[in-house]
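To keep things clear, I will list the structure first and then write my remarks on it.
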Amino acid sequence: MFTVRTRIKIPPRAINAHRRPIIYIKHRTMAAPISTAMDSLSAALKSNIIPNQEYLLQGSVLDSAVEVLLHRLRGLCDNVDSGPETFHDHEMCFSIRRGPPPEQPLLLRVRRALDYQDMPWQLRYIGQPELGDKSRPTIVRSSIDIATSNSVVEFLTELGCRLDFEYIVRGYMFRKGRMKVTVSKIFKMGQGKLPESVEPISQSYLVELSVLAPSGQDAIAEDMRIFAEQLRPLVQLEKIDYKRLVH
Amino acid sequence: MGVTVLQQFPMTENRTGPQTIEFLTKRIVALGAVQTGQFLVDCETYMSVPQLGVQKTVHVLHNSEQPASVFAVLESGSKVVPLIADGLFDLLMLKMTSIYTSKKQTKIESKGPRFEIGDFCVKLGSVTMSQNFKGVLVEVEYRPCVVPGSAWDLMREFLQGFIGSVVPNQAPQYLQNRMNDIYQPMDTIQQYLEHFGQYRKTTGVI
Amino acid sequence: MEQLQTALTAIKVLRSSVGQVFDSLGSGLRAEHGDENKETKYLLELQELLTTVNVNLRDVEQAVSSLNPPPGPFNLASTAYLSQETTQERQALYGTLVNSYKWTDKVHEYSNVAQALLSQNSLKRSYTNSNRTKRGRIQTSSHNVSPQQVDSLISTFDRQFNDMTVSVSRPFASNAVLHVTLGHVLKAVIAFKGLMIERVVVTGYGETMDLWTESRHKVFRKVTENAHAAMLHFYSPALPELAVRSFMTWFHSLINLFSEPCKRCGLHLHSALPPTWRDFRTLEPYHQECKP
Amino acid sequence: MQREEKQLDSALEAIIMRVNDLKTAIAAMIFKLEHEYETLNWPNFLDNFALISGHLTSLSKILGNDKAPIMRNLAVLPLLLSPEKDEDLMRLTECRISTFAHDLVPDYLRTKPEPQAEQKMMQLEVKANNLSYDTAHDCNKQVTQYNKVLSHVWDIANKAREEWEGEAGSRATQAQTSSAADTHVLVAAVGVGKGLKSDSVQMVQSGVSPVPSGMMVGRSGGQPQAAGQGPLGNAQMGQMGKTPSAIKTNIKAASQIHPYGR
């Protein structure tokens, strides 16, 4: 179990949302009248400091070339001295819908770190991706990132959510300013839920370039385009149309 | 997070809510306590829409002691699932309004001054449900100790010395089931939820 | 110094009078002696001069006898050959040699002072043995023990109490730092020097532990104080293992810190604190104010 | 015979004209060479040559004409030789020959060039013959050098081409570092669970129900439930309509895990 004890101010979201530490602090001692959590949340919403938009570019790199890509990223990104951060996560995708198909399902994702078991789990709401026209360099989708306790799966199941699919993701993470770059391998869940019995989905690594920012900060998308340009032709980071993928 | 005991303070005819709080404040200050701000625990309840089948209830609570956390308790049949999340969980509940709707008239909160005396932390909360005063809840936390079993006697002594014979000799039912577990912030929330439920019942809502 | 100075002047005077004797002997008979009895006159003169020499000699002897005899020749051992060193770079060695000599001298001086101070220290936490008669015995030093010995002692505590977990780390050279978790009640850091307990910090179960930060709870700050008292109380230089063992037994009695009422007043709380004092002999709990 | 003589006369007249033309042309060229050598350029010089060769051809045409008498058959006889200066001859030959004497006549009247000129020619020819080797050698030298330079340039060009091609090739291999198909597979898997769903369902099912044919179980055992969860099942169909059997199992499996609410 964990507890978040900090000032009411919503903590600035780290870029690596699934490595966010939980902060313990002492109770504030103040005489000012106390405000409800909802009040401060709506204040935060009003001043637009909650990062609820995700700017995203996706691509892939073949296993044979991943070393080259990692090498390049190590040169391009911020965490040079510490080397790439590795991660090994388990992601479960849930959906909940109110009624028959015309009702759009609400999609929720739960991610937990397999390599750091005591890290909080991450619950994520992801909205419909907006592709936009040609002038917009990235996909934009609304996203709410919530750190939670490990009871979240049971909570969602009881809430009425259905587990759509799940997978294991393992790879490397880089930071460049506010941008996050992940190079990861996607595995199918094995039969016995053992980490050894996983099976990779393809001979490539998924490469994602993303930024979580408050809405309206479209300038970051341009930065992402420039960064993606630097990775060409090793990786083609593009806006991928999800609607086309379903069929 | 130390062991916390929640105790309803009985209302008497001749005292209003604020008067009761004032009366208790005088007492605790006389014992040597120092006021250290205010506290607030609020609870909002969401009900599932009928289309989802069996009624499920989600209580979302905030505790000013853990200001960046949101506590959610899901009641589904006989099952109770607790969840601790960070502040953005409230945003998620807003996204789910089509499936879980908030019952505004059952919004209940306990709010009042917070005191420290030695290692004890005492909170005198006046409970209001949709602006209506419901009663007084006294929260006592003994912060050094994390196991209810070993702290109960000591806390009972403190409580009895503070608010008198209202305090039973037995630990509250909720704590009795967890006497030897490590006390968690969620346990405080569960106790609040229990008491809030009792206040609601007396009003006849839910 | 003055004596040496006078001795030196006496030698100078002696030398000049001796010089006069030889001077007169060298020039022989002169015109001033006149013609008559010039031999006798000359002999008289010589006699006079020799008496002065005798007087001076006595002075010198007197001055020298008042001097302290020099402490024998300095034995420079092989460093004596440093002066004969021909290579340029090694000639500088002498300076450093002198420096190190000075340092050794200082260390000697300070240790003397420290020894004097320690011999006055009534607590006798550090083991000094100034008594000459005990020199012959094998000294049982409590702070110069092999780590293995410390480890084996500590592992006995771990086994002795099953609700107390003990882990050892050695962040500072060979000295052990113990992390003790006592049930779900409290945690403690105990720093050792050899087999001697140097410092104890008691914190709450949920708090972070380190050697320097105090607990944020009053009760554990009080317990830390009492643990220091116990540490000093149980200290015995001759039987360090026993000291540590009795300290740990005492420490283990804190397991009922919150649950046991005071033996004296029968209450749990006294000024918002539980009974933090444990009697050293009976291990019974008392409030600070109630302790016998 | 009159006619023949006339013919001979006219032919000679024409030949003399041509030769005069040729002579003036050569003179003009010599003049040019001597006086305009500074400004003379090669095309002009070649023009002169062309002029001369034109005169020569016209001369040879006249000589080869059918009507022209065959000069070879005619002989020239010197009738009078005199060592005296002959003014007429001087005039005729532009002061080149002053006397028609016995020592000079055989030279002038022979069908070969002048002995001096012949000698010079001979000398030149000998020289040319001698030189031919040297010049050829020189040429060869230059040719080999030229070849060398050329092959060098060729090499450079080749190398550059290879580089370009290599770069293009490596670019082609770099293009192999990512595959659009894989990107789509991965994004589809992560985004909508394509290729993951059936497996996860089987897994869930294997955890819940030991019967391998989940579809049959779903049909036979779960009929009332299936009615209740109709919309959900349909939604599932709509979402990933490709693997219907898996969907059925999914419904069944899901109902198995959620005892409430369905």
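All chains are identified by letter, namely A, B, C and D, in their written order; residue positions are counted from 1 within each chain.
By definition in this document, a contact is a pair of C-beta atoms (placed from the backbone, for glycine too) under 8 Å apart; a residue touches a chain by one contact, two chains touch by 3 or more.
Going by UniProt, the chains are A = Mediator of RNA polymerase II transcription subunit 18; B = Mediator of RNA polymerase II transcription subunit 20; C = Mediator of RNA polymerase II transcription subunit 27; D = Mediator of RNA polymerase II transcription subunit 8.
All values derive from a computational prediction rather than experimental measurement.
More C-beta pairs touch across one of B-C and A-D than the other; that pair is A-D. Think of the whole protein's Cα atoms as having one middle point; the chain whose own Cα middle lies nearest to it is A. With centres computed as the average of Cα coordinates, no chain lies farther from chain C than D. If you average the Cα atoms of chain C and of chain D, the two centres end up 100 Å apart. Between chain A and chain D, the centres computed from C-alpha atoms are 61 Å apart. Chain C has its Cα centroid 63 Å from the Cα centroid of chain A. Counting partner chains per residue, chain B shows two or more touched chains at residues 1, 52-53, 56, 76. Looking at chain A, residues 97, 99, 103, 158, 160 sit in touch with two or more other chains.
Chain D has residues 260-261 in contact with two or more other chains. Interface residues of chain A, counted against chain B in their complex, comprise 1-8, 10-11, 23, 27-38, 41, 45, 50, 52, 96-99, 103, 106, 108, 123, 125, 144-149, 151-152, 154-155, 158-160.
Residues of chain A touching chain D in their complex: 58-62, 64-65, 68-69, 91, 93, 97, 99-101, 103, 105, 157-158, 160, 162-167, 169, 186, 188-189, 191, 193, 201-204, 206, 233-236, 238, 240, 242, 245-246.
Residues of chain B that touch chain A in their complex: 1, 36-40, 42, 44, 48-49, 51-53, 56, 58, 62, 64-70, 72, 74, 76, 79, 81-92, 95-96, 98-100, 109, 111, 114, 184-186. Within the complex formed with chain C, the chain B residues making contact are 1, 32, 117-120, 142-147, 149-151, 153-154, 157-158, 161, 182.
Within the complex formed with chain A, the chain D residues making contact are 171, 174-180, 182-197, 199-200, 203-204, 206, 230-232, 234-235, 238-240, 254, 257-258, 260-261.
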